[in-house]
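Below are structures written as C-alpha cells.
Shared between the two complexes below is subunit A, which pairs with subunit B and subunit C, respectively.
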Partner chain A sequence: MTTAKYLVRRFTFLVLVVWSAATINFFLPRMSGRDPVRARLAAQAMKGVSIGKGIDKIVETYDKKFGLDVPLTQQYINYLGDLTRFDLGPSFSRYPMTVSQLIGATLPWTLGLLLTSTVFSFVFGSIFGALVAWPSTPDWVRSISPMFFAFSAIPYYLLGLFLLYFFAYTLKWFPGAGGYQLGTIPEPSLEFAIDVLKHSLLPAFSIILSSLGFWAIGMRGTMIMVEGLDYMTLAEAKGLKGRTILWKYGLRNALLPQITSFALSLGFVVSGAVLVEIVFAYPGIGLLLFNSIKQTDFPVIQGIVLTLIGAIATATLIIDVGLPFLDPRISRGDN
Partner chain B sequence: MDDVKSGEVIEEPATARPRLTVREEIVGYMQRNPTLPWGLWILVGLLLFSLFARLYVEDVEHYRPLSAGAFLSPSGEYPLGTDSHGRDLLAVNGLGVLNTLMLGLLAGLIGVGVATVLAFMAAYYGGWLDAVVRLVVDVGLTIPSLLIMVLIAIAVQGIDLWMMALVISSTSWLWPTRTIRSQVLTLKERAYVEVARLSGMRGIEIILKELVPNLLPFIIASLVTTTASAILASIGLEALGLGPPDDPTLGMTIHRVITYGGVIMGSWWWWLAPTILITLVFIALYLINLGTDELANPTLRRTA
Partner chain C sequence: MKPIVLEVRNLKTYFHTPRGVVKAVDDVSFDLMQGERFGLVGESGSGKTTVALSLLRMIKAPGQIEGGQLLLDGQDILKLSDEEMRRIRLAGIALVTQGAMNALNPVIRVREQLIDGIKDHDGNLSREAMEARVQELLSGVDLIPQVADMYAHQLSGGMKQRVCIAIGICMRPKVIIADEPTSALDVVVQRRVMETLRRAQEEVGAAVILVGHDMGLMAQFVDRMAVMYAGKLVEVSPVRNVFQEPLHPYTELLIDSVPTLTEKDVLKGIQGSMPSMLGLPSGCVFNPRCPYSDESCVSTLQETKEVEAGRWAACHKIDAIRNLNPSGGV
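Let's turn to the complex of A and B:
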C-alpha cells in the first residue's frame, strides 16, 4: 500500500468517526421522543423563570432549523451541512450566544491545562519509568515508585478532591475554584498570568499525579525489554558511559511505544480532564459541559461532545500518520 | 502454530497433569494467584460495610434528603455525618456501594453477553458480518465512551439504576467484542475444531460445544475488566450530573459534593467516605483482574 492510499484510508476513517457521532447526535433525541426545546422550557418554567421573548425566538429558530414542515432526511442533510461550517446553532441557556462562541471561549482553557499537564506527566513519567527499570538507579527512586503506581489507580477527579481539601481549604495555599480571581478582567499582564497560573496549578497537579504512574508503568515495561537487546550489550562492550547508554540508547528507543499508547489513551485523558475541571470549577470545556447538563442546554452538550470527538479523532490521525516519520521501524504495510 | 503469542489461549498437554478435585483445583489456583483472594476479600469487606450500614441506621430510607440535620459532622447517631440536604451519609454510602457494584456488574454482564454473541458470529462466519462488526468496533473505540454515554443519557428521560446500566452497556460491549473475536479467530483454526467440522457438526454446534467451553475462562476474565470500566464510566457520568437522581450511588454523592461545594466548605466526611469506597472498589477489581490473568492465558501458569 502506498503512502497516499494509506492517508486516504485513514482520513476516510476519521470522517466516518465524526459522521457516526454526528448521526447518533441527530437521531437519538428524535428517537427518544424527548423534545429538547420543550424540555428546556419545562425546566425554566419549573424554576419560575418567565418565558420571555428570547425563548420564543429560540423556538422559532429551532422550528425553522429542524422544522416539522421539512422531511426528516432533509433535516438530516441540513444538519450535516451546518456541521461542516461549525454552525452548531444557538445556546438555550445563554441565548443569543451560539454554541460555537461558547466552546471557542472555553477551549483555550482546556487546551492550556491539558497540554501542559499531559506533556509534563508524559516526559517525567517516562523518565521516571526508565529510571526504575535501570539497574544502577539509586534505591530511593525505586522506593517512591509504588506511590505513583498507586495514584494511577485513582481517577483524576477523586485525587482532585483530596488536593482541593488539603491545599485550598486546609492550607489555603491555592484558590479553590475558577480560572482567575473573580472581579478581575482578563488582560495580557504579568499579574493576570500569575493569577491564572495559581488557579491552574491544583487541577494540573491532580492530572499529573495520577497519570505519572501510567506513563511510568508503560516505560518501565519497554525499558526492561530494550535492556535485553543486543545493541545495548554492544554499547556496554564498547565501554560507553552508563549515562550515555541510558539516555541515547535505551530511553530514546523505548520512548516510541509510549507515543503509540499516548494516541490510544487520548480519549481517556480528555474525559479525565473534563471531570477534573468540574472539581476545580476551572472555566474550560468540561465545566461548560457540567453547567449545560444542569441547565438542560442540549445544543451546547451535543456541540461539546462533537467537538471533543472531532478533536480526538484528528489528534489520533496526526499521531498515526506522523509516527512512521519518528520511527522508521513502523511501516504502513508497504510491501 | 508453533510460536505462542501472549494473550493466546493454548491447550494444556493432556498427559502431564494429575487429576484434581474441583476444590483442590480452586485452592491451587488461589495459591498461585494470591491477588485473586485479596481482591475478593476486599469485595467481601465492602459488602460487610454495606450490611453494617443497613443494620446500624434505624431506617434505610434515611438516604433520602431531610432525614436529619444538614452538615452534621460524624457522631454516634450519624457515624459518617450528613450532607447539605440532611441525608444520613452512612445510609447513602452503605446503599451506594451496593448500587454502584450492581450497576457495574449488570453493565458488565450485558456488555460481555452481547460481545460474546457478536464476536462468535463475526469470527466464526466471517464475511460481511465480520466486516460490519469490526468497523463498528473500530469506530466506537476511537470515540471516548464517556462522550457517547453523555449523548445517550441526555436523550433518556427519568434515569434510574436499570436505565443507567443500559446506557453504560451501550459502549461496554465494544472492547470485549474485539478481544473475544480475536480469540475465536485463533481457536477456530485448531485441529479439534477441524475434526468436529469434518465429522459433520454444524456451525452453531461447533460454537456451542467446542469453542464456547474453551473460551469460558477468557470470557470470565473479560467480565472482570468490563465491570471495572463500567463502574468507572458510571461514576464519571454521575459526577457530570447524568446519574439516577433518586437512587443513592457513590458517584451521585461525588456529584452532590461538587455541586454544593462540599470540599470548600470543609465537610471532609462528605467526600472522604465515597472516595475511599470508590478507590477500594477499583483496587479490588484490579487485584481480581491480575488474579484472573492465568485463567485468560494459561501460559502464564507458574511451574513452582
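Let's turn to the complex of A and C:
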C-alpha cells in the first residue's frame, strides 16, 4: 500500500469518526423528548415573566427560527449540511450570537494558553525526567525533583488558587482575573501583547507546575527501563560522548511512548482547562462550556463537544501518520 | 614470542551489596599477546562478564574496581581520567556484545551507528570519506552495502551480529572483547559469524578475548584459555593442553561434562553448585565440590602458580593429582 493510499484511508476514517459523533450528538438530546423552546418558556414563566395566551404563537416562531418545524430527517440533513460549513447554529442563551462565533471568540484564548503550557510542560518535563534517571546528572537537579512530583499530586485548580492568593493578592505582581485589562480594546499592539502575557502567566504556571511532574515521572520510568537495555551498554562501550548516549540512544528511545500520550493530550487542549479558566476568569472555551452548561445552552455544548471530537480525531491521525517516522519499527504496512 | 598488549595484574572488582561484599573478580591476572585469541570460560555468575566490563571500566555501582592494574601497551588505564578512558573505548579496547537481541539502537540506521563511534573519537571526516569507511566496514563483515540504510529490526540475528563486529573493529582497536557473541545464533550461523570475527580480527591485528561457556567454540577459536570459577582464575593454559591434560580439577570436570557425539551416555555434570558469592568457602573456592579435596584444601590459601612453562593453575595439590592420573583423565 502506498503512503497516499494510506493517508486517504486514514482521512476517510477520520471523517467517519466525526460524522458518527455528530450524529450521536444530534439524536441524543432529541431522544430526551423535551421541547427546548417550551422548556425555556416554561422556565421563564416560572421566573415570573408574563407569557400569556400567545405561547403557541411564540413556540411556533421559535421553532421556525431554530429549524425545528420540519421533520426529524430533514432537520438531520440540514444539520449535517450546516456542519460542513462549520455553521453550528445559534446559541440559545446568547441569541443572536451563533455557536461558531462564540467558539471562534474563545478558542484562540484557550489555544494560546493551553497549547503553550502543554508543549512547555511536555518538553521540560520529559527532559527533566530523563535527567533525573541519568546517572551522571548533577545532584542538585535530582534534589529538586520531589518538588515537581509533589506539585503533580496537587490538583491544578488548587495550585491556581494558591498562586492567585500569593502572587495576585498578596504580592500584587500579576493581575488576578481575565485575559486582558478590562477597559482596553484588543488590538495588535506590543502593549496589548504584554498585557495578555501578564494575564496568562499565572494560569499557565498552574498548569505547567501541575503537569510537569506527570511528564517527568513517565519519562523517568521509561528512561530507567531503556538504560538497562543492551544498546545502552554497547553505546558506552563504543566510547560515545555522554551527550550522544543521553540524547541519541536514551532519550530518543524513551520518548516514543511519551509522544503518544502527548499527542492525545494535545487533542484535549480545545476542551479547555475548565477549572483553571474559572479560577482565573480566563475568557477561554472552558469558561464558555461552564457557562453554557449552567444555562442549558445545548447548541453551544454540542458545538464544543464536536470541536473536541474533531481535535482528538485529528491528533490521533497525526500520531498514526507521524509515529512511523519516529519509530521505524512501526510500519504502515507499506514495505 | 609476541609482545604483550594487555597485562591484567591482580584485578579486583567487588560489589558492595547490602548483604555483604561480593568479590565478583578477585585477584585475577593474565597477559594478552598481540593478535592472540584468548578464551575466558566459566559458569554463569563466575565473574567472566565482570572481567570484560572491568577492562572497559564500565562497572556500575554498587560495583567498583578495588585494585590491580590494567596495562594496555604498558599504560595503566585504571589511572586515566574518565574522558581519557572514553577515548580508549572502541579505539583501544572494543566490545562486541551479543548482537542478536537488542545491541543495536532500534530507531537509528546502521550507518549512523557505525559512524557515531568514529565521530566521537576522530572528529568529523568528510561525508564521502565516512561513507567509504562505512562500506569498507560492511563488506569486511560480509554484509551488502544496503545494510547501511536499514534498521535493526530489518536484519536477521546473524546480520545484526556482523554489524556489531563491524562496530567493534571500526577504530582498529588493539583488543576486542567478544562477550558471548554467538550465544543466540544457531550453530550454522554461529560458525560463519565466528569465521567473520576471526578474519576481521586478523585484518586489524587485534587480540580477542572471547568470553563464553561454549567449550566446543573455545576449542575451535582460541589459542589460550582461562577458566574462571567464583571470581577467581583457576587455570590459564594453551587450549590444546586444556583439553588434553587439564591441570585444575574444575577444568577437568568442566571438560568431562561436555557431551560428545560418539558416546550415548548419561550427561556428566559437576556435583553441587557454585557457592554463594556472599559466603565463599575458605581455602580453595572449589573445595566443597572437588573430588580430590581434603582438610588441607580448606586451610591452605589458594594461589595461582606457574605449574609448567606457560601453564598456570590455582591448586596446591596439582602434583599429587598428576601422579594419581598420569594421563590427565579421571
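Basically, the second predicted complex is superposed on the first by the 275 of 335 C-alpha atoms of A that agree within 3 Å, B and C clash if a C-alpha of one lies under 4 Å from a C-alpha of the other, contacts with A are read in each partner's own complex, and residues count from 1 in each chain.
The working rule: contacts are C-beta pairs under 8 Å (C-beta built on N, C-alpha and C of every residue); 3 or more make two chains touch, one makes a residue touch a chain.
Quantities reported herein were computed from a predicted structural model and do not represent experimental measurements.
Annotation: superposed three-chain arrangement on subunit A; subunit B versus subunit C shows no clash, the two fitting side by side. Put simply, more of the residues of subunit A are touched by B, taking subunit B and subunit C as the two choices.
Once the two complexes are overlaid on the shared chain, A:177 sits against subunit B while remaining clear of subunit C. After the superposition on chain A, the angle subunit B-subunit A-subunit C between C-alpha centres rounds to 80°, nearest 10. Of the two partner chains, subunit B is the only one that A:305 touches; subunit C does not reach it. Of the two partner chains placed by superposition, only subunit B is touched by A:289; subunit C is not. Of the two partner chains, subunit B is the only one that A:31 touches; subunit C does not reach it.
In the superposed model, A:236 lies in contact with subunit C only, and not with subunit B. Of the two partner chains, neither subunit B nor subunit C is touched by A:261. By the touch criterion defined above, A:328 lies against subunit C but remains apart from subunit B after alignment on the C-alpha atoms of chain A.
Applying the stated contact rule after C-alpha superposition, one finds that A:244 touches subunit C and leaves subunit B untouched. For the three-chain overlay built from the shared chain A, the minimum Cα spacing from subunit B to subunit C equals 14 Å.
Overlap of the subunit B and subunit C contact sets on subunit A: empty, with no shared residue.
Across the complex, subunit B is touched by residues 13, 16-17, 20-21, 24-25, 28-29, 31-32, 34, 153-155, 157-158, 161-162, 164-165, 168-169, 176-177, 267-268, 270-271, 274-275, 278-279, 289-290, 293-294, 296, 298, 301-302, 305, 308-309, 312-313, 316 of subunit A.
Residue ranges of subunit A in contact with subunit C, taken from their complex: 135, 229-231, 233-241, 244, 248-249, 252-253, 256, 326-329. Taken in their complex, subunit B has these residues touching subunit A: 135, 138-140, 142-148, 150-152, 154-157, 232, 235-236, 239-242, 254, 257-259, 263-264, 266, 268, 271, 275, 278-279, 282-283, 286.
Of all residues in subunit C, only 56, 58, 60, 86-91, 94-95, 97-98, 101-108, 116-117, 120-121, 151, 153, 164, 167 touch subunit A in the complex they form.
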